[in-house]
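Lettered A, B, C, D, E and F in written order, each chain numbered from 1.
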Amino acid sequence: MEDLQRRADTLIEALPYIQQWAGKTIVVKYGGAAMTDPQMQDNVAQDLVLLRYVGINVVVVHGGGQRITEMMKRLGIEPKFAGGLRVTDAETMEIAQMVLVGDVNQQLVSLLNAAGGRAVGLSGKDANMIISRKKESSEGDLGFVGEIVSIDTEVIHVLTEAGFVPVISSIGGDAEGQSYNINADTVAGQLAGELQAVKLVTLSDVAGLLEDPDDPTTLISKLTVSEAKVLIADGNVAEGMIPKLESCIQAVAGGVERAHIIDGCTAHALLMELFTDAGIGTMISTE
Amino acid sequence: MEDLQRRADTLIEALPYIQQWAGKTIVVKYGGAAMTDPQMQDNVAQDLVLLRYVGINVVVVHGGGQRITEMMKRLGIEPKFAGGLRVTDAETMEIAQMVLVGDVNQQLVSLLNAAGGRAVGLSGKDANMIISRKKESSEGDLGFVGEIVSIDTEVIHVLTEAGFVPVISSIGGDAEGQSYNINADTVAGQLAGELQAVKLVTLSDVAGLLEDPDDPTTLISKLTVSEAKVLIADGNVAEGMIPKLESCIQAVAGGVERAHIIDGCTAHALLMELFTDAGIGTMISTE
Amino acid sequence: MEDLQRRADTLIEALPYIQQWAGKTIVVKYGGAAMTDPQMQDNVAQDLVLLRYVGINVVVVHGGGQRITEMMKRLGIEPKFAGGLRVTDAETMEIAQMVLVGDVNQQLVSLLNAAGGRAVGLSGKDANMIISRKKESSEGDLGFVGEIVSIDTEVIHVLTEAGFVPVISSIGGDAEGQSYNINADTVAGQLAGELQAVKLVTLSDVAGLLEDPDDPTTLISKLTVSEAKVLIADGNVAEGMIPKLESCIQAVAGGVERAHIIDGCTAHALLMELFTDAGIGTMISTE
Amino acid sequence: MEDLQRRADTLIEALPYIQQWAGKTIVVKYGGAAMTDPQMQDNVAQDLVLLRYVGINVVVVHGGGQRITEMMKRLGIEPKFAGGLRVTDAETMEIAQMVLVGDVNQQLVSLLNAAGGRAVGLSGKDANMIISRKKESSEGDLGFVGEIVSIDTEVIHVLTEAGFVPVISSIGGDAEGQSYNINADTVAGQLAGELQAVKLVTLSDVAGLLEDPDDPTTLISKLTVSEAKVLIADGNVAEGMIPKLESCIQAVAGGVERAHIIDGCTAHALLMELFTDAGIGTMISTE
Amino acid sequence: MEDLQRRADTLIEALPYIQQWAGKTIVVKYGGAAMTDPQMQDNVAQDLVLLRYVGINVVVVHGGGQRITEMMKRLGIEPKFAGGLRVTDAETMEIAQMVLVGDVNQQLVSLLNAAGGRAVGLSGKDANMIISRKKESSEGDLGFVGEIVSIDTEVIHVLTEAGFVPVISSIGGDAEGQSYNINADTVAGQLAGELQAVKLVTLSDVAGLLEDPDDPTTLISKLTVSEAKVLIADGNVAEGMIPKLESCIQAVAGGVERAHIIDGCTAHALLMELFTDAGIGTMISTE
Amino acid sequence: MEDLQRRADTLIEALPYIQQWAGKTIVVKYGGAAMTDPQMQDNVAQDLVLLRYVGINVVVVHGGGQRITEMMKRLGIEPKFAGGLRVTDAETMEIAQMVLVGDVNQQLVSLLNAAGGRAVGLSGKDANMIISRKKESSEGDLGFVGEIVSIDTEVIHVLTEAGFVPVISSIGGDAEGQSYNINADTVAGQLAGELQAVKLVTLSDVAGLLEDPDDPTTLISKLTVSEAKVLIADGNVAEGMIPKLESCIQAVAGGVERAHIIDGCTAHALLMELFTDAGIGTMISTE
């Protein structure tokens, strides 16, 4: 009985936050270890379903580079990278799309549905959602690595209004039907802006942005967009963090109130970020 | 941080229950000490607002006999009772309406709104919601004590669909505009049926129905409608419990799945009833 | 038969006015003797219901100072006034709310419903409609006399769209749930502006604004806002008329086309004002 | 002022009737002298527009045999009749349609619009509303005299929901586009049934059904369907009245509560019928 | 089978054009020989119905001067013209309205419905659609020849949204219900602008605008508004073409993208114009 | 010009069929060579997009066994079959889902979008659309070969009402998120019934059902359900045709009017089937 009381108290403590976010849109970039560890997967899925049930329009974006690499190796193809980007020839593109849309995406859909949600998987090619084109690079020809030309959010609105949770693979297409491999952080950042989301939450493998990447106690809790840009320009951001931080900058520039990088491997990190004052991880905002 | 984790875990434990009740209607009969003790009031208000936010259509019904008696005494009028019912002459009816609609109801509305809800106070006379007539009694003429002729739920639907929480005083009216004092348990029971609610939850001052009214360890957790009727017929129900139990019987007869009598003075009893398997208090159902 | 013909002719004469007002919103400030005399009550109720049936969105605002004073005296409390305003300590506030919301309001609801309408009583605390704060006064501390901070008309729109007639007590609340006693003319004037009403009609005990308050033949039929302000500044308005006239000024400043002060004791004065060219009473407009 | 009072009283007397009919559909068969006399026309138009403004869905059906005959004579064609029906060869059909749809109908539309309504003229061919076929007759070949096969009320619903008053010429069509001349009483009677109207009101040149056609004091106020059938079978109905009475019988058989034959030349006869208890003219109902 | 294949290929060739026009509004001015020759009538009707089925909001405007003249002659009245406009006395106006609304319009409705459409005939007087006034003329008093004061498109939107095809006679009315005879090209041109149509297509008896009116090989395919004005000013447009060209100029000035004059006697000219890149006839656009 | 005329004539010939199918739902089972040959793909995509534009709700279901086999071979895994069904161990299931959802489905989406449509790819796991379970087989344990437990069509309705074309992979899921490989013909047949489609059209590699499988001239044009069952029972259906024919039988049993097996390699076979009286291929109906 005492335990029941404590539980009820906890639910009540969440009430002000539920009131704050109800009816708003939140984009979650799902990735890293949180996407591969079964226990972490369940935790994230429960968080996302709970958010949907308390009235938040949840939109999930995912990548899956590691799974693409695995499948390429199983097929005897050696992945190539240039400047941190996957060189994507036609065969690689075919494999990337197959793995992201047919495997990673469907696993997330399964997880969310098993947790009681009603998820619908989408690629950026569905409903012509993400129109993209070849990304020019100083690293040479990267093949079908793409950048975003425009985003049409109609199918997302149609699905969220009907209570579904869209789960989006970071694949774009052009008018001729050619697929492009787009960085998932970039998709999440730009989509959050297009949807006028109140938050972009990026799940990463670390606690957030660290002043000293090797020292987890040096977490930067709060960062303005201009401070973030200086950090990147000065080379003070770990390489893997750069696209995440740039995605946050882009989101805030696009009108999103706050962007967050949090540790997806902490159980229920999403709830902790949304349902406490302090928040967790690193928060990027205009000022 | 550990504390945050525990909180998040608790929210997640509520998820299956939220899924179960979302979109359903629950009628709460509010009364007893839970309605007078400030701390208990806040607890109940928070519970009701939380239920609304997780998608439950909450409808509150209240009485307030004690407050009517207090006001009568302040006005130098001696309350009279016959067979447990307040003999309600014209002056008493005027005071009862004034106290219930203008005082008790508005206090509940204030509580719910201060807790973040959007409550709207109603009497059964508003929108011709509760059509009533004089209740004939073997105890003689009880004046304007009323019974329900019919309930028109349109204004409740209009308000709940717009996200409001209707708070209803147990006053009815007839075609000529005469007010009637109706037992609040009766209103709650019949209204729950008309609304096809999934639950009627009655807040009382005790833990539920007790086999031995003097021994709180003899709580009856579960009761069928026919068992409940036998208990009443055999005189084994404490007098104050009879209208509450009859209200539960009426609700279940009207199609409500489950009716509950719980202790409104236990902090967050409503949440504990709805968000745990075991439930608390006494549950009445068809079988 | 001839009589029938005359009746039909009269209905037809109303047609151009019905066309003019159909679909528009009209706020009626109900008060004075029209609110206490049973015959006058019936007349006003019929007028209001007829207006609703010919397609006008009718919103009623009422006060009830006299009834509050009566109840205070019954309770042995001496009312105190300062600068024409009721000094409202906590006990007075409790009584005022009880009388206005639980008694006066419910009587109006009964009257309208008996006349065939579908009225719903509201206080400014319902649905957080009227957010208010303590009114500072040069007369010293007036207690819980309030002024309006903001008005949220959502619940009014929800109810009028469903065909109901909202009847509003001039009580406001703040974020903590404290009630405030607000002048009903002020509520009516500001609400008319927020609702973008075409008319505010104030029912008073006299024929309108008189040049010589003692001479009913000196009715001022038409007044611009600036003329009205000069009249007040010059001290040429009877004290009881000042809040009514200020309410009209406020309404017109808020965008209401025309504000009227008419004699609520004339049978069917509302219809006469709306359904004749000449109108009755005093009309205040921009120019 | 006294006059104003009397007018207001009259409006209020109409209130119970307005409540009774608001939101219901009433079909008016317009014909006879009421359709040709300018003063009568204005009266009827005002009545119809008033009914629309107090929330009644008004649908008007008209014929115009006299005008067809006039035009035929102007064109040097001799009208022929058989058994009371116009023998309608191709040329006659062309003229009938031209006169009804292009002249009579448009005049009614003009009248209603000048009275403040928003009328839309329709023939039964518009939107395939009245599908008809050649009427077989014991009188021999009547040409394009038609009977009704089916009625599609969609266009009527679309227009009345948008606040328009449909004015319908009694012309039908078949799948090949051939026009048919249909008795307007028949169209009104059957259409009233299809629309589930509460009333069919037929405007005629006499006060109603008379026991002695030559004695206006012998008005039959009330008639059951079976009594009406007996009257016709016994030859006790004036010839011109037979189609009107049959139309009423058909309407009531189709589910219309009450059908009326009233004197369209009495000023505002429609209002008098609808807005008094006694009603005027002859009323036909099930029992 | 080969033939089937060719048919399917043709349908597929239309696909890009269907995509281009779906959901858009197109006003078609119907007139000339295409309106009198039965084979041509069927062709045009099929075209219009097909356009409606592939998602285009089709609105048809027609005149019918020749039919008016015929009827006047049958009635022994000599038509008079001044400056190319019909001098329209009261009797002529009556005949014009009767012929246009009751005859020509209903024939078009029949044609469209026989082709599988759901057409609804309207005059500009219906629903007060076309408010007009007497047109002053340098040619003297032309009687009831009218010009357009304003157009209210509500009834057109109500009907097209419900899937109907409005067919409009070029008759206008004023507030008193007086009818006016308006040039149908003028109605079509102005209506296209009010509806923000993407196209006005005028069906004429010739292939389009010819440099040399006697030489059909001198078709002008494309014309800017300013070029068109110069052509008229220089007297290089055949008299019958002037109102058509002015109507196109007016439409384009009103915001219509493109206006076309095409040969209504060419089978399926409408489809050919809409469903080919080259188009047919003369096209007028801003530049 | 003559060519334009012929094209227009062809469009007009399609009009009656467009009228017949507009607003109806048609399920297309896409498979065989039509799904692999680029030219055939384009043809089918154009047909599907055209159908959508003329108002038909098109739903596409696809399998892709050949592509699964190819990918398994690339991964060095030997496909196993039992009784015509793919033995589907966990690894095979993963590959099947990846190929169907991530590759075949996305190619169809690209094709439809490149043809001007707005396609959205779905698996049966999205939105819990196809709930399935392990299919018991007399051939032994087939692994994750599934059968359908239930279909929830909500996401399909949401998407078709918004104008999208759902493209569905024949993958189902259970409550725990396990994927099942379901025969695409079975999915199409059952889904057509659930959607109350008017037609199921199965694209195959042959002209339809042949009396003599080796003789294309022995096409059976029309077949009742009972005749079809006899054919199967008697072993007179080619093995590859059996699931297609059973799917048609199931659809018709589920309420679909007509089911068709046509040659997907004939250019625009879908249009030819829908837009001609004769139809092509084999048609199965109740009688």
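Everything that follows uses one rule, which is that contacts are C-beta pairs under 8 Å (C-beta built on N, C-alpha and C of every residue); 3 or more make two chains touch, one makes a residue touch a chain.
Note that the structure is a prediction, hence the values are computed from the model and not measured.
Hopping across touching chains, the smallest step count from chain C to chain E is 2. Interface chain A/chain F: over half of the residue numbers present appear on both copies, so the contact uses mostly the same residues.
For the pair chain B and chain E, the distance between mean C-alpha positions equals 68 Å.
If each chain is reduced to the centroid of its CA atoms, chain C and chain D end up 45 Å from each other.
Chain centres here are Cα means. That of chain B falls 55 Å from that of chain D. For chain E, residues touching at least two other chains: there are none. Residues 74-75, 94, 97-103, 105-106, 109-111, 113-114, 118-123, 125-128, 154-155, 158-159, 162, 164, 171, 173, 175-177, 179 of chain E touch chain D in their complex. Across the complex, chain A meets chain B through its residues 4-16, 18-19, 22, 43, 46-47, 49-50, 53-55, 115-116, 266-268, 271-272, 275-276, 280.
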